[in-house]
Every structure is written in C-alpha cells, then in structure tokens.
Amino acid sequence: MIIILNEKATKDDVQGLVSDLMKQGLKTNISEGSHTTIVGIIGDVTALDIDNIKGSDFVEDVKRVTEPYKKANRKMHPADSMIKVTDDVTVGEGIFNVIAGPCSVETEEQIIEVAEDVKKSGATMLRGGAFKPRTSPYSFQGLAGEGLKLLLEAKKATGLPIVTELMNLEHLDMFADVDVIQIGARNMQNFDLLKEVGKCKKPILLKRGLANTIEEWLMSAEYIMAGGNENVILCERGIRTFETATRNTLDISAVPMLKKLTHLPVIIDPSHATGLSWMVAPLAKTAVAAGADGLMIEVHNNPAKALCDGAQSLNPVQFDELMQDIKRRVAFEGKRF
Amino acid sequence: MIIILNEKATKDDVQGLVSDLMKQGLKTNISEGSHTTIVGIIGDVTALDIDNIKGSDFVEDVKRVTEPYKKANRKMHPADSMIKVTDDVTVGEGIFNVIAGPCSVETEEQIIEVAEDVKKSGATMLRGGAFKPRTSPYSFQGLAGEGLKLLLEAKKATGLPIVTELMNLEHLDMFADVDVIQIGARNMQNFDLLKEVGKCKKPILLKRGLANTIEEWLMSAEYIMAGGNENVILCERGIRTFETATRNTLDISAVPMLKKLTHLPVIIDPSHATGLSWMVAPLAKTAVAAGADGLMIEVHNNPAKALCDGAQSLNPVQFDELMQDIKRRVAFEGKRF
Amino acid sequence: MIIILNEKATKDDVQGLVSDLMKQGLKTNISEGSHTTIVGIIGDVTALDIDNIKGSDFVEDVKRVTEPYKKANRKMHPADSMIKVTDDVTVGEGIFNVIAGPCSVETEEQIIEVAEDVKKSGATMLRGGAFKPRTSPYSFQGLAGEGLKLLLEAKKATGLPIVTELMNLEHLDMFADVDVIQIGARNMQNFDLLKEVGKCKKPILLKRGLANTIEEWLMSAEYIMAGGNENVILCERGIRTFETATRNTLDISAVPMLKKLTHLPVIIDPSHATGLSWMVAPLAKTAVAAGADGLMIEVHNNPAKALCDGAQSLNPVQFDELMQDIKRRVAFEGKRF
Amino acid sequence: MIIILNEKATKDDVQGLVSDLMKQGLKTNISEGSHTTIVGIIGDVTALDIDNIKGSDFVEDVKRVTEPYKKANRKMHPADSMIKVTDDVTVGEGIFNVIAGPCSVETEEQIIEVAEDVKKSGATMLRGGAFKPRTSPYSFQGLAGEGLKLLLEAKKATGLPIVTELMNLEHLDMFADVDVIQIGARNMQNFDLLKEVGKCKKPILLKRGLANTIEEWLMSAEYIMAGGNENVILCERGIRTFETATRNTLDISAVPMLKKLTHLPVIIDPSHATGLSWMVAPLAKTAVAAGADGLMIEVHNNPAKALCDGAQSLNPVQFDELMQDIKRRVAFEGKRF
C-alpha cells in the first residue's frame, strides 16, 4: 500500500503516521518528491482501512498495491479449486458443467418435465427458483417452501443435483437437501447472508452484482471463505452499462481475469446477461471459448407462458440443439463433461 | 402498455394475445403498420409481466407507458407525504432536516460527544451505525447490539431521534426503540428485508442502490408500502459511473425527478456521494437548492482516527460552519428547520 | 413511432398533432386510456425528430418502434455485405480476416519487420498508426505523412493491404493509397469526417465510440452510407463501464446483436478492449466463437520499447502462437481465411 | 509516478529500469516488499507513457501520483483565470454569466427575436448552432454559413457576444467574428480540432464528452493551452450513466472538483444535462449553489416547432422567470452578473 502525502504534511505528521503503522507491525519506506511525499508500506495491509487513512488532511491519496483478499487469491493458492457437488458432479478446471432449468418452479409437472428434458440433453445440474427476487411486489414471488419440495422431487426423479437461490438467512434450514445454494446478484453484498452461508459446507454459487467490480465480487467470496466455507463457484451474469440493446452487458473478460486472480471456478449465465433467448446460444459459445467452467441456462417447457423471465428462456428443443453444439466445443477445448 | 409485434405474428397470434389480455380484464387497441403491429393495452397493467410477454417469438418488444408503482406514485397521491418521526420531528415538504453523526458508533464517549455537538449546531436527528456493511470481512463490522445501546444513551442524553441501519431481518426486534430504520444501498433490493420493514410502522430511510434506476428505487419503496408501511423517506447517496475522481457521482437531478414522480420526501447524503470530506459542503448546498427535504452527513469527533469512513467525515467544527450556511440557505428557499 | 400524450392534451391538441403528421405523409391510430392517449404513427418516420415532438407540453413521451437507420438495416438488405479490400482480400460472412501491426509506425525497419512477421503468421492486413489520437498533448503524436510513407513501403515489401486511421478531413488526399481507412473511437461521432469518407469508395473501418450505443454506432455507419459509400466494416473495441480491472469492457454480445440488426461485417479489437497483452488471446477466441468476421490485433517487435500502447501489444512470437490457435478455431466454425 | 514490479523482476530488470529513467532526468526510490517491488519516480513525469512502461512483463502496474496536465493545473497557477470575451463580458470567479439562445439558428426573425428576449431577461451572451452535430444524417444539420451570418446580425441588433459550435477545422476562418468558439461534447477528443483552436486567441468553450472523465477533459483543455490559447471555459453538460429517467446525468460534483484541480472557469448546461425543459430551472439553481461561473441554457420562441431539441428548450417567458430567480441566487452567493 502506498500513502501519498500532500504539501501540508509536516515532519511531525510523517513521523506520527510512520509510528502508527509500526505499532501495527508494518514497515515503511519514504520517498520525498517536490510536491508530494510517498510512504510505501511493507507487510500485511489487509486489515488497514484506506478511508481512515484518507481522513487526515495531509493525506492526498492512498493506493493499494496488493489485492485485499487472501483466501480467494490465486497468489496464496495457485492450484485450481475443484468444488465437489456430489459423488458424480464436480465443478472446476478441466470439467464443464451445465446447470439448466426454469427461472421459477411452477408445478410438479413443469419441473419434472424440464428436469427430464435437460438431463437428456446433457445438463449436469437442475436449477429452479423457489424464492424469487422480483423488482415488483406485484409480480409472482415464487412457490417458496412448496417450490423447494418440488425441486427435491425432480431431483429424486432424475438424479440431478439442484441449485436454487437463498434470499433470507432464516430459510437456511429449509435448504438442507439442496446441493448448491445460489446467492443472487442483488444479494452479492448482503454481508449477513454471506456470513451465514460461510458457516455451512455446501457449495455456494455466488452471482456477480449488477454493478459490482471484480474486486468487490472476490471480497464477497472472501466473506464466505473467511467463515470457513471454501466451496465457492463464481457466476458472471452481465453487468449494468449505458447500452440498452441488451438488458445487461456480459463481461466476458471477467473469465480470464478471474482465472488469473483466483483459484475459484467461474461459470457464465448467458440467459440473464442479455434477457434475450436468441442470444443465449452465441454467448454460451463465447463462454466455452473464454475458458469458463460451465454455464447456467434458463429452460422452460413453454416460455410464452412462464410465470417469470419468459423472454430469456429456451424451450427444451432449443436447449437440446445448443447442448449438441456445446459438447463439440467442450471437446475442442480439451475439457470433459 | 404497448406490445409491438413483428412480421411473424399471424392473425391467430394477435387474436390469442387479445383474448389472453381480455381474460385479465384489459382492453386493447390494435394498429397495423407495414412491418409491425402495435397492440395498445388499456387498464391496470401493474401485474403484467413484460418479460413473459416477450417470451413469444412474434413479440418484438414491450414498452410501458405508465409507471409500475402505485402507492409511491404522485399521480395516485398528489399531496406531499409528511413522515412523522417524533412529536417534534417531521420529514417532508417545507421542513428541512439534518441527520448527522458518525459512520459507526465506537464508544459511549464518542457517540455522546458527537450527538451533543451536532445537536448544538442544529442537527435534528442523530445517525450512527451499529451494524456496518463492509466490503471486506477483515474490516471493523460495528459494535452490533452494544452499538444500538450506546445510540439509545446518546438519544437519552440529547433528545435527538436516532437513525441506524438494519441489515438482517432477525435483528428487527432489537430496533424497537430506534426512531428511523435505515435500509442501506447494498440492501435496496433485499426484498425479504423490505417486506419485513413493510410490516412495522416506523419511518424507513431507503437509500438508493449504487447502480439502481429511479424506477427500481421507487419499486423498492413500493415493496415497503405494499406491506402497509407508507412512512418511507428516500435518500440519494451517489451512483456508480465511469468517473473515478469521486467515489460515486451524486445524481442531483434525482431530486426534481422524484418530486415529480412521487409524494415521498427525499434527502441527500453528500458524505457517501463522493467519499471526500471537503466536498460535503458544496454538495450540501446543491441539495438545498435542488429542493431536497434534508441532508444526512457524517460527523466524527476525530476523523483521522475513525474506525470507518474517516475520509468523508467532517469534524464538529466543520459541521458547525456548514450548518450556519445551510440555515441561511434553507431560509432563502422559504423552508424551516 | 408512438407518441404518448398526458392529461393536458385537449381534443384540439390531438387534432393538431394528427394533421401535422398527415402533412408529412404519415397515418395515425389513436388509442385513449384513462390517464394517457397513445398516438401510433404509420409510415416512414426516419426524418421525424423525437425531441421536437417532446417539445409540446401535452406530450409525455415518444418511443420508436422501428430503427432510425435504413441503409445499414438488415431488414432492408437481408444478405450479408461482402466488403472487397483488394482482389485477394474480402471482409464478410464466411471469411475470417486478421489485421495486425503496431499501434504506431515508428521506423522503416520496425514496420517492415512487423509486417513480414505478421504476414508469415497469417495476418491478412497490416495496421499501423501514422496519425495518433493521444489523450495527452505531450505524448508521441505519430510520424504523420512520413508514417504513411513507411506503411506504403511495408505494403510494397509484403503485399499486405494497409489499414490506418484518419483523424483530420484535410488529410484525406494523403490516404489515396491506403486500402482501408479507420475512423477511431473518439471520432465515431465526428460527423463532418463521416460525411467526408462517405464521398470516397474505400472500405471504412468504423470503430465503436467508448460510450456509444449500438444504435448510435449504426447511425454513424448510416452517415457514411448515406453519402454513397456502403463499404463499412464495424469494429468493437470495448466500452467504458464502472469496472476498472480492465481498461474497457469488451461487449462481446455486440457481435450477435449486430449480426441481427445489420448486414455489415463486424470485427473485434481485443487489444484496445482491455489494454492488457495477456488478455488478447482469450478474448480473440471469444470473438471467433461469437461469429465475428475478424480481429484487429496490436503486434510490436519490442513492446517494452513501443512509443505507444506497449502494455497491450503482443510480440511476434506471441502473435504467431495465437494465430495457430485462431486458424484451428476458424476451421472449427466452418469459415476460411 | 509509482511503478509496481511483480515477482518476475530480476535485479537486472530493476537496474535497467532505473538507468532508463535516469537517462530521462528522473530520480528513483526503491522499496522492496515480499511479493512486489515499488519504484517511486521523482521529477517531471508528464512525458512518460504509462502504457509503455506496462509493456514490460515484470511490471505489475503503474500509478500516477501527480496530475498529467500542467497549464490547466491549479497547483501551477493558483489564481482563478478570468477569460475576457469582450470589453463588457468576462467569464470567471465572482462573475456569473448566462449564455442563452436556441439549439439551432433557423431564421433571421427567430434568432433576433430570441436574442432580444434573452437580453431583456439578463443573458450576457447569445448561443445558437449554425453547424449542428446530429446523430442521424436525416436530421436537420443546421444552416451552416448562413446560420453564422444570422447570428452576427443578432449580435449587431442586440450587442450580445455570440457563442457557436465549430465542428470542422476547415471552417475556422468563417468564425472570425464569433466571440466564443464552442467545442462540442462529441468533439472533446477531436485532437486535431483542439490543436487548431489552440492556435487562435479566442475564448474556447470546451464541453465535457458524454463519457469522459474529469482528467481527460482537463487533458483536452491542456491541448488547447499547450498550443498557446489559455482562454478555455469548461462546460459540464451531463454524463452517460445507466439511468434512463434523464437523457444524461448532470455531474454537479464536477464543479467543486474542477475548482480544486484547475484555475479555469466552469459553467453548467442544464438543458443538455437532462433533455427535459421542466428540469432546467431546478438544475440551474444547483449550478449557482455549487459555485459554477455561469449557465448555458436553450431558449426557443416556439419549442414545439423547433428544428432540434425542442424537448429541452425553455420559451422566453419561462426563461425570464428563471432569470429573476437566478439573479437573486447569484446575489445571495455574493457574485455579480
């Protein structure tokens, strides 16, 4: 970390700052320029608060040189993390997973039909929302506990592990038989929820917030890992930009960037990234090429009658076509399902 | 609402769509162009899901003509809402409130000293965080229950109503003596938390999310109001943009826009908007000029030693100077404290 | 186009509006709701100015239903445009082109060495800047006319067609022997420059502006095409977002979106998209997978000594490795070089 | 400037870097940490190219500590610049100017009528576009030379100095009698145009680009100043963000930030900032409160029939009302017209 001092900094100020830092076990290196003095800090600065240091009026700016996350940092953990979901399903480098299913669980028929269809096409996990984060209080909010029950029936019928979103820490007990707990984009910085799932051992699928930087995203992963649960899967689902042609803008460069910064697996959700079903296939292809470890895709047996997100759902026939193509691409990349 | 059909739409498709809408009690008006057919919908479309309608492949686009919120909508409720906090303190048109205090409650001495200082300068409410949303799990997370206790002591000592953030719905019981519950920017779309505070009758200070549109913000207010609690105060605190000179970009135009769209009061938080203490005063001035109903300002007795957000906190002397200026401006606008 | 009228609209206002539109050869369809009246316009609205119509105080909003561009619109021109550069080089569907070379032309040795290297690796065109748009007036501004001369020598030596940026319409004469004229991101809405290159017949490589929507980009293509030059190649090079891990955010979804909206070819510049040389290869792969018609890549014989943009340049060895991989991927997609 | 080296940096690499910098007259200070080595550079780094230095694979990152602009920098020039437009009109600290007029010059009657109206209300300069940057080639492009002639007639009739936009450097001769040359948002980084106006002595009104940072904006001012013309007036006109309720988002915090960073005057254009005429007045008030040196406002004698930007224009009566209010506010701030 580097602290840049302005012209107001007296010798005493510099001395005071250096001795404060020394008390915290940090060494410093001072470089005086004509207008500014630079204090380099050597040691573990994870716990230092940049904003506090900026509170002094002789401090011009503070810049981090090292990442503020440790457990999620590839420098501390060079090998790729392999997240075991079940005996048959593992997420991580070299393996490609496809999580598919409807936005919301609606009926027993619907979820079992979709589960069977996506399994046949090659999906490795089933997704489906029981608790739904909806922008409007007047929109369908999900079947809640009943939805979880139906998901578990679909799991029994097909053997597919299930992935579903947790929005409320009071519901955690109800998720005992869920295989992967999803933390949605809107809850990426719901820190109490992150702490809570940090206490369990289940794999956590952590979606990127709509307008969160990669660093903030890794800090949210760090919250879960600092709690003791290192089974975190990251999921890029599009960020908010000025462009309005698509609902969000898929940040495909996040894949190679994350592969450099962290050892955690990364998957892509092309359905939420644009909100347009016809764009799911081309973006899924880019995910494979970028080196992602999997996909999360919305599939509904009747998109035009879906209770939510119909516009971005594939029907089972479209999904099957896409999967035939994805399988060829995964093989091309030297990965396996 | 307007549904735009593409060239794939057959007569049967149009017929089916119209009869679906009629079943939901809506009337339609059809206009055929050369490439597109436009279906105008007349009636209450609040519960219609745009994304579902877009799920049909003969639908090109769907555009809202009316706002998706009702209780927060000024069209449905033309008079300004006046939110009563205590017998002495009301938030709303014509009255100007200043909420001041430290980012975090740290010690009894600190919070009481700051409370007395800001009261003397003219603040009408005391703020202070007991539960703190921090990007890093390694940063100070607030004193929790102990912090709430200290806030209540500061309230007893000064008579100032207190405003503090709720992050976890399980903590709601602990907030029984809090005067205004703050929902932070990162929880603006934590819908379960919104539903929960919608059940109580306390005033809710709803901060705008970092990258949420004004419409989404009003939909979150609608969540609280739909639950039965119409005491919502909106707080703009800067949005995320490409600019890096300031931490966020204060969206000052949100004030007149909200005054047009909603009857709810609006206050400005210039401390979080830029993260720079020297910018609090100029932005506070713009808030008064824009027609805001108040300010929320961070004040710390020793910013350089603050446990969080020191860079953006004023010290009590700076705050007092600002308040003298703000009082003149409020009088200029024909408002009162 | 749809005009939404508010409650202030009298019968006379509606009548006046309708007769104004009729005078312009347009038909209307009126739909009255409880709070709003909707006027649908049928006919060619390309020349209507939305902002003017919004100037009436009884107009709430105006929404386009059809695209504002014609010549660039795939609806008017369903077949893919094939842009012929030389007898040997054509840009368009089914063919994959790679434009490579240094950010700036620096010396005769440098440009000829790089040209020979990239040709050997399979590049189909040579890029190199003679006139450089630099953020700082104190940075190297390019060799200007001398740079163009050196580019033409590299063309003579290798046979590679050359692509270089035009920043100033007074320089157009100097570009007589240039094969493809590049319009840079910062000049995407320099309309006088667009009009000028619309008068020549050379292929124009039109880069997307840093913060321009796809629609604005196509409108800039329309400027060139409306002038008579339909040889436009679009180049996505990253957009400006809140993310700071990469210099820009590559909008990979622009490729399928453009393939739907327009018949013009689309290439990707992964070098400018992130500003990081190690990210060029993964993003180049996503470009092929997304269906792009080519790549534009910075290659320098000594990136650490480049006079500009060294951080994002590949050296010839890295470029050769990438090309071997790209060739396999292009074959996989069923395209050819 | 600080160069951060990664673990690949050998002693020789560090040595080479240091001697390269010494050759450029710069001193260095080296600080070795466990994972990184930091090289602080002391001296004038304006001409150093960050991207080049990043081109070495042992360089992790490069961070500026001082601003890259000199002539526009308040540190080098602490006193406020006062830009003299005519004997009667000066722009700068303590004086408040209002530039008003139509988006486009349309007819002699129109421009003279508007000029007389805005003068009567207290405007100090007349604006009006002769050359118009329009997104669509099919929109009205301005009256060009004829428009300039009409502007000069309005100047003769009223004595108001005129402000109008230059889009094309070949037109500079035609601007001989124009008082202030405007460089529009879309040309903020048209560097050849900046260099050209840097050669004349006229005041230049430099609008901020839609998605340009404050630093980039000041670098564009630096281009003009480095050419010899220090008469630059900055104009904030809204930036592009994710919010769609307003066309752009007015960055009001740019005013105090610029007042800190530069000695150049700053004005606000509330008309373009939102695109909504009813929002001009509230935003104009915030501009005065923020410390801006003036306003630029669109006024049209018949907004609903304007040939461009009708939606954001005030009519003369609305403008007069606003001016009465603005005069009181300017007096309140202790400034004069």
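For clarity, chains are labelled A, B, C and D in written order, and residue numbers in each chain start from 1.
Keep this in mind: contacts are C-beta pairs under 8 Å (C-beta built on N, C-alpha and C of every residue); 3 or more make two chains touch, one makes a residue touch a chain.
This one's a predicted model, so the numbers in the text were calculated from it and none came from an experiment.
Student: Relative to chain C, which chain has the most distant C-alpha mean position?
Tutor: B
Student: Any idea whether A-C or A-D has more C-beta pairs in contact?
Tutor: Taking the two pairs in turn, the one with more contacts turns out to be A-C.
Student: Suppose each chain is reduced to the average of its Cα coordinates; what separation in Å results between chain A and chain C?
Tutor: 32
Student: Any idea how many Å lie between the Cα centroids of chain C and chain D?
Tutor: Chain centres of chain C and chain D, defined by C-alpha means, are spaced 26 Å apart.
Student: Determine the centre-to-centre distance between chain A and chain D, using the mean Cα coordinates as centres, and give it in whole Å.
Tutor: Once rounded, the distance between the two centres reads 39 Å.
Student: Which residue numbers or ranges of chain D touch two or more of the other chains?
Tutor: 211, 240-242, 244
Student: Help me check something: in the complex, which residues belonging to chain D touch chain C?
Tutor: Of all residues in chain D, those touching chain C are 46-47, 49-57, 68-69, 131, 133-140, 167-170, 186-187, 189-192, 195, 210-211, 216, 219, 222-223, 226-227, 240, 275, 277, 300, 303-313.
Student: Which residues of chain D touch chain A in the complex?
Tutor: Of all residues in chain D, those touching chain A are 2, 4, 29, 31-36, 38, 40, 42-43, 60-61, 63, 65-66, 75, 211, 240-242, 244.
Student: So in the complex, the part of chain A that touches chain C is made up of which residues?
Tutor: Its residues touching chain C are 211, 213-215, 239, 241-246, 249-253, 255-257, 260, 273-274, 278-279, 282-283, 285-286, 288-291, 329, 332.
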